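To keep things clear, I will list the structure first and then write my remarks on it.
Letters are used for the chains, namely A, B, C, D, E and F, taken in the order the chains are written, and counting of residues starts over at 1 for each.
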């Protein structure tokens, strides 16, 4: 099977981190292709930045339509995820969604470790969209301004480990979700040092998506995740227009 | 004061309906300017269509930055509303948000009348985002396929009135929200025939926004609705990039 | 238009604060009249005190029926608000309700700054009644016993500003609601010193109510906000009995 | 022990029904005294009517202070219940509260059978105040206008039994709550004909209150159910003023 | 009446504490019999331990079927409570359920004081099962490892009192629930030293159950708390099999 | 990897259905072993039956400890699932949990199709335990009494398909969960005839569990899913006692 992993932000260094962890997580026989948003911002930590990343990700998914069995929207906060599930006829997952679904099988309450304070509000809202907000024990973040998004793991490894221990000791977390594509792979590195299971967005996404592709769910032809109805449109990239105009028969 | 009303879909006929109702609702001294999305779809009824409309609306708001005191995102479902509130330094409201806040002062439980079945799921999620989902008595919609989005009011006036009565008699609605820019003004026309207060998105938005502009709230410099942090970006329309790169001093 | 603002507590000094801020907030052409509860307690901070204030406010509203286009129940915690909405045939708002609806358009999560610890429980329950409890980041209060309810602003201005900063830094508030009629106008004074928008009950109420009056919603003849059904009664003030006995035709 | 049962409405016929069921439910050794509201309306089915009943009930409780070990606020919807709990130094229960607490031990989901459609909204809000709204399967009501509140049981016995069966068959009720003081005792009469346990407000209240009196809980001196703080007041009935002014020592 | 109190854990010392408090709480004429689980663990503080306790308690209840008018499942966390309510044809209550229902009539928000940190997660889930989670102000626990479950009260009386004061001062508790059968009776001992009402599981259970038995609710023959349908089974203790196979006629 | 699938009910015919679907769903290289509960009831549809099944399943898991990499609790309603997660040091999933997590990635709202009306209450509570109750559109069930649990699929195929279409047309389901081990494999058979994705408990469980085993999460040594603390016990099966007494070092 082939999985397209789309980085909704424009940072190639982050795409590299994502690619490394995605390939480490993939099953034998799964081909991973990573694409970077052609426009947008360096990293996504606010609702507006997510709005832009959502459109960029949609464009990339449309351009490469037909070349993959499933898509990962590879930013925590899942920019545009539900809209892209409507658009495509293959399974699509996001880093937050996959992390939540994985964490939910490993414990009752989970905490999220994030890279910046600004990002916490948007993560909280993403969790609330899933209706799992009542299982969120806490969100803790690095307080320091980020020097370089691509090197956040090395720069702050000790502080991140300290946050992990805080959520277990103080917040009642059964599971820790280390959030954000820039932290891809960090869970794998420090997992042996932590007292509860640790979940990472990229590895959870690859695993969840492989499972969905194997289950081979049918694309909805009714309900709110069927393809958007065909209707007049204007000014969209050709690939997007093509997808929106094609009628899927049952 | 001057209010910019942005139609997130590309239908000029809908923009005309919006403009008529907005001007009817505005106070003396309020100047209304309506802009139509330069790209997107004919009318928005799904999450993906909203995603596209969100980006189009952001572009329009950025292009005209500095020429208005407030913005209305004029589609029910509020495409991109929270992101656009981050982006701009003036108040921004959406049709759903304003309808909910108005309806909430007129009763405890409200129902939404919508133009298509497909749209119901997306409306429900928009209400849930506000956390007022528990006050939503029901959403009822026209079941018939829409011939022409600009003439939906005339074509279906009787059916819409019937739906209004159903939500009062059967669903326990204290207030009716007639939803969707294509229905702009319908509330005004049939209000005298209905047994509970009726709320319309466009008139509520203009009213709420005028109030906010008069209150003159300060633009946040901290918290999650401050402007997105300045960071590298690429490939954005010049107006958007300019807005994102300007540093607002406290 | 004419707005009647009723102070549910008996303190004329508080009525004076309310009147000053109400007049500052009103649009040109809006006439403000302030009435003080003829019986009750000096300031309302508990459920029982609110129960008494509710009845006093209803009596005042009934006495002056027909002389106003809308009513403000001018205590945070909105004593009797929903019952008074049933009773009258004009729009009625309360300080909490209006603050919440205004705050909800300026951010996702808000905190309330209150004048006493005792009052926090009652405020929380008022917010829960609106179903916006999940958007309440925190309620913080002055801990010191109040010397004089009419001078709380001057006495505690610095402490109140400190509480405002705490809710932004520690509790994740996007918006601050400064609560309670005794604090009427404080938002206006300190707003420029705070990093997020600040909402005040009196100015929000006047603004929201002006908007509602302009929208001219119909009085419900069905549903739970129609006038209470005509039925036998005894021992009520004449004005109240008159209102309850009049049959509103559709 | 002695229990004062206060009817918040002015109907002596309803007080008689309440008294009969209260005495039937009381343990040997429990003395029941029933008082009727000296002012108010014939029966309470709206929020405003409850607001008036709350004040009337408070006045009665204050007048007879010191003569009872506990109080029942004997209207479903519990007018003023939380405020009266603050005011008094003995346990106080309401018909809804007691019904919910009893029903909650007999099943997971319960339905409420009510006497009029108008009353449903207010009952729902009362249940929501307890935070047990998610366990409420449904509220069904007589649709017919009530001829005489004191004879509702005889007039509508068959229709009420039909509603009871509907909530079990269609709504998934494990327990039925027959609501409203005018229906006091109906549960007892038809219980043997119904397939699930039936709960009645008056008998539940007497039972719950006897239990609380036996547990002899201490009156709070801190927290939000301590007596309201002593403060200036005006125009209150002497008995109420006396209660508010007395300082309870710890 | 006769009440069977079943200790789901195997500690006779805990059964003794339970018995003492149960007898102190019982009304004259109520006979109390205490049984200890024949298999299981010393004290229950996790979900798995509760699972075992649930089965042990069911076996005991089945063995003694017909000899009691009601049953108390005497561990906080109510192991197997809902299943045992299905099984038996008399009322059954648990320590948590009874504590919550009692606390809910004494205040709006309550805190739980527990004997170990491990137990907090399971208590929280038990409260959530009742849907009263939104009224839970906090759960605080002893942090120290327990020397001897039977002597926890004496060993930690001062620390427990300190926790009680913390939940009032810091967490906004109107009522304190002292949780766990090993703490049976502690509420009675320290109640006079605390500023809010204190609720204890055993005394609440006896009181609630006496009330239910007096109300004499009918055993459901429909709905989800009717006896489990008769069906093939294997390997169950004879008493359990007999109960499951008996058909209750209406 | 090796997966142990435990059927919590005693029906070998159901175990056969489970085994067939489990093997069809497994990846190459995954060995499936199915065990049937040694005691209990023919099929689980109530809380009490689940309580018994929980204990039986725990016993089986303990007996075979060390012979598997993960466990599936193969009854919808997940008897004892959270307790068994505490007990074992490998991942454990249940049919409901896995179905929910899979469905949640395929749509926003899902409906459950069940085999009997009695079972609906217990399923609802299982979904509520996950906190995804707000995403549950509806639960519909066969109304007819089951002739033979092992042949329910053949007997009722048409009726089950009709229910599937109802939840899409009437209840707003984006995804259908066909629930219950006796229906294992039905999703696979009828999927092509339905307009939305269909999820089956057994195939979802195998897929989710394979993913978890590949992610190789660490067994918690802190938090509420660590092994239950070592403490005195009595009368437990030897295998269970051994597991409870072993101390896992970090």
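What we mean here is this: contacts are C-beta pairs under 8 Å (C-beta built on N, C-alpha and C of every residue); 3 or more make two chains touch, one makes a residue touch a chain.
Because the structure is predicted, anything quoted here is derived from the model rather than measured.
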So which chains count as neighbours of both chain B and chain C?
-> A, D
Same interface as B-C shows up in which of A-E, D-E or D-F, over half of contact pairs matched?
-> D-E
Report the inter-chain centroid distance for chain A and chain C in whole angstrom, where each centroid is the mean of the CA atoms.
-> 43
Using mean C-alpha positions as chain centres, tell me how far chain C is from chain D in Å, no decimals.
-> 28
Indicate the residues of chain F shared as contacts by at least two other chains.
-> 82, 108-109, 120-121, 125, 133-134, 172, 174, 223-224
Which pairs of chains touch one another in this structure?
-> A-B, A-C, A-E, A-F, B-C, B-D, B-F, C-D, C-E, D-E, D-F, E-F
Using the touch definition up top, name the residues of chain F that touch chain B in the complex.
-> 108-109, 134, 172, 174
Touching residues (chain side chain A, partner chain B) in the complex | 10-11, 38-43, 45-52, 54-55, 58, 80, 82-84, 86-87, 118, 120-122, 125, 129, 223-224, 228-229, 231-236, 244
Where on chain C does chain E make contact in their complex?
-> 120-121, 125, 128, 133
Can you list the chain B residues touching chain C in their complex?
-> 25, 27, 82, 85, 91, 93, 97-98, 101-102, 104-109, 130-135, 168-169, 172-175, 191-192, 194-199, 203-204, 207-208, 210-212, 214-215, 217-226, 250
